[in-house]
């Protein structure tokens, strides 16, 4: 059913879905501030030294945040042209996931709640909804999706080969650090991505020469995303000059 | 000899070499799943804590995998237009290398088998056979082959110079970590690639100032592959717009 | 008021603001050398082992430098076409901030002086004033400003997600290193930027698999600035061929 | 004086300076192999565990190499069209520096010889003389020289700012690791280049938050060479399509 331009629902829709009116800007900014507040509150609640008063305040503020987010979720369904489309859209799912754990905690055991809380951090992505530069990234990403999949596959392959190789060279000398290929994967990950924690590293000449070859290939493979992005972004800029 | 389109060999060829028919898709997917299974099984078999039952299962599954791969190899030779071409093609050699170690183990000592097993991980590359994005990478790589060789040469040169320099500055203060130029190469590799394990590092003022110059050059050289790839990928995209 | 081309103020203006005359080159180089000297002197003064004589010399040379910079600041205001414009320009503010802490120290407590001294290092930026290549960077930066903001936002988001995840996986096993989400942020920062100090790192299988996913995304996100810059610099070069 | 095409000097010139004749290829390859041998021999001679026999062999082989290089240097001067041009050319100077230390050691003290030997590693650059891809890099490098200088300046500036900041935050808590701004430069270098040895790192909240800001800028600055190279290489490829 089409609503008349001046009906209550139509005006509410403008406030909830756009930033064109003053009301829309206030609504939008309030939600964004609340998301940041919820994330900070959640982070602060993990500090073991905080006082009982702060803990209690955080619990209460969490409940208030969830109620506001629930009302927002209801409003978004109410004003949506296609309710189904909103509910199953990317942000519709995130909006639901952000409030669901709280209500589930009323029914199921609190232990399980802990992992569900983790989902709330996706609320931060809501802020990206209105940025225009995000659109440029989204299109560049779509242009190079297939190449990125091959890149990730190649990186995983190189990490696995690195793990097998270092296991072969180091297993006997360092049986604890390179216990199995699975244990060696940790070193391989830190090496190929050039993080290099330094908790484990090869000590045999063979293992170190092998690391040289892995890093020569790794340095080349790590350059792939920059190359892909540079070419994709330039193509996008050429088609849409501003 | 040309085969008639409906002969058994012609139909088998379609199943083995293409993904056009349902049979081809099933054949292809089965082989891919088996490859992943073989790699996982090999990795699991290196965990020292696994039970005797699992070890025995892995040994048996390995034998079954090899038999299937051997049949596949035979089929590929049988249906190939040019048998010689297939056998000496990149994937033909990999297909053979994947099964050879198992049969060799029946004839020669089991100790030597261990290193040959390593070759099996190349089976993973089989999966790249059907990807179209791989073709784009292959052409970009061919375009910048000569430049990549110079890049690898320059990186090796910088690593060597770094090793000589750090040996000169640190040898006397840290005679164990920087015992010789060869020992210093390990630090040089970890530094130039920015891995930085932190197991060895210069402690003299001279060695640290030298590290500064090496890293200034290293940071510039490490940017080369990204620059090469960006320019090559853009050129390829310009010639073949999709 | 417009000054006649040969007046004293007009000739002074040429010396202070440009490098066209011999006097301008001498003035400019003197200031640049003094800036480098002031920065080196400040750095040397932090070495605890320096003698009382050197300390006293550094204190005196600091006073002399500040007096020269104060005269320069006065001259720049005197010769500026619009005094207000100079005073509130980027370099006008830096010129003032470079000398202000010294005079403030005469009035307020010396403890607070310490943090104000830090501002002096911005004097180094003065040297960039005359470089033409800086202009190219400035324009490239303006072209990709919005995309860089999204990049920084995405990096911060990934670092936060990494901190939450690693806290969840490692908190119970390493309660000291991953005490809270805030403590975990330190590991997340060092990991996503691939610095990898190695002071803290995950030890559980879950934490390490989580690190793998964070690094796969991180390696892609870290490639964004290179891609943006490559495309922006190429566009700038195309519009202004030299 | 112009030589006749078939004179001895003219034929010698072809052998020494080009790879057009069989003699030229043999001469060139011999020199290249000798350079690699000299570098390997020098590296091996630093291993403390080598036997007296090997040491003596390396000393003798070093003398033979130097004599061959001296003859080559003499021949290059003899066949050069302009002797002065060759002697003061880049490779002419390297050719001389590669043999000079040996002869100087006959006259001056052997202690000082040690640092002069270091120069020999530049002989490796001789191999780049004939590569065509090197020319492409050389032109790309010339195109972005001014921008690279600004990049190096900006990196040094960021490293210095990082050192001052970390000194301010960490000096009192870690007086040994962050003794002065000069000591803090070591941490700053390892952090901005993302090497991250992990021998020193901030432990205060302020120092870690400061590290976050330094790394956000550092990650952007480190992307500059890749961006510059991508744009320069694409421009070169466009002007000279192959």
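Just so it is clear, A, B, C and D label the chains in written order, and each chain counts residues from 1 on its own.
We adopt the following convention: contacts are C-beta pairs under 8 Å (C-beta built on N, C-alpha and C of every residue); 3 or more make two chains touch, one makes a residue touch a chain.
Being a predicted model, the structure only gives us computed values, none of them experimental.
Greatest Cα centroid separation from chain B: this falls to C. Note on A-B: its contact pairs, compared by residue number with those of B-D, B-C or A-D, agree for more than half at B-D. Chain C maps onto chain D through a rotation of 90°, based on Cα atoms and reported in steps of 5.
A count of contacting C-beta pairs for B-C and for A-C identifies A-C as the more extensively joined pair. Separation between the centroids of chain C and chain D, computed from CA atoms only, is 30 Å.
Centre-to-centre, using mean CA coordinates, chain B is 42 Å away from chain C.
Per-chain CA centroids place chain A at a distance of 30 Å from chain C.
Chain D has residues 190, 194-198, 223, 226-228, 230, 234 in contact with two or more other chains.
Partner chain A is touched in their complex by these residues of chain C: 146-147, 149-150, 153, 157, 160-161, 164-165, 167-168, 171, 179-182, 190-191, 194-198, 201, 208, 211-212, 215-216, 218-220, 223-224, 226-228, 230-231, 234-235. Residue ranges on chain A touching chain D, taken from their complex, read 194-198, 223, 226-227, 230. Touching chain A in their complex are the following residues of chain B: 39, 42-44, 46-48, 114-115, 118, 121, 124-125, 127-128, 131-134, 136-137, 140, 148, 152, 155, 185-186, 189-190, 193-199, 222-230, 232-234, 237.
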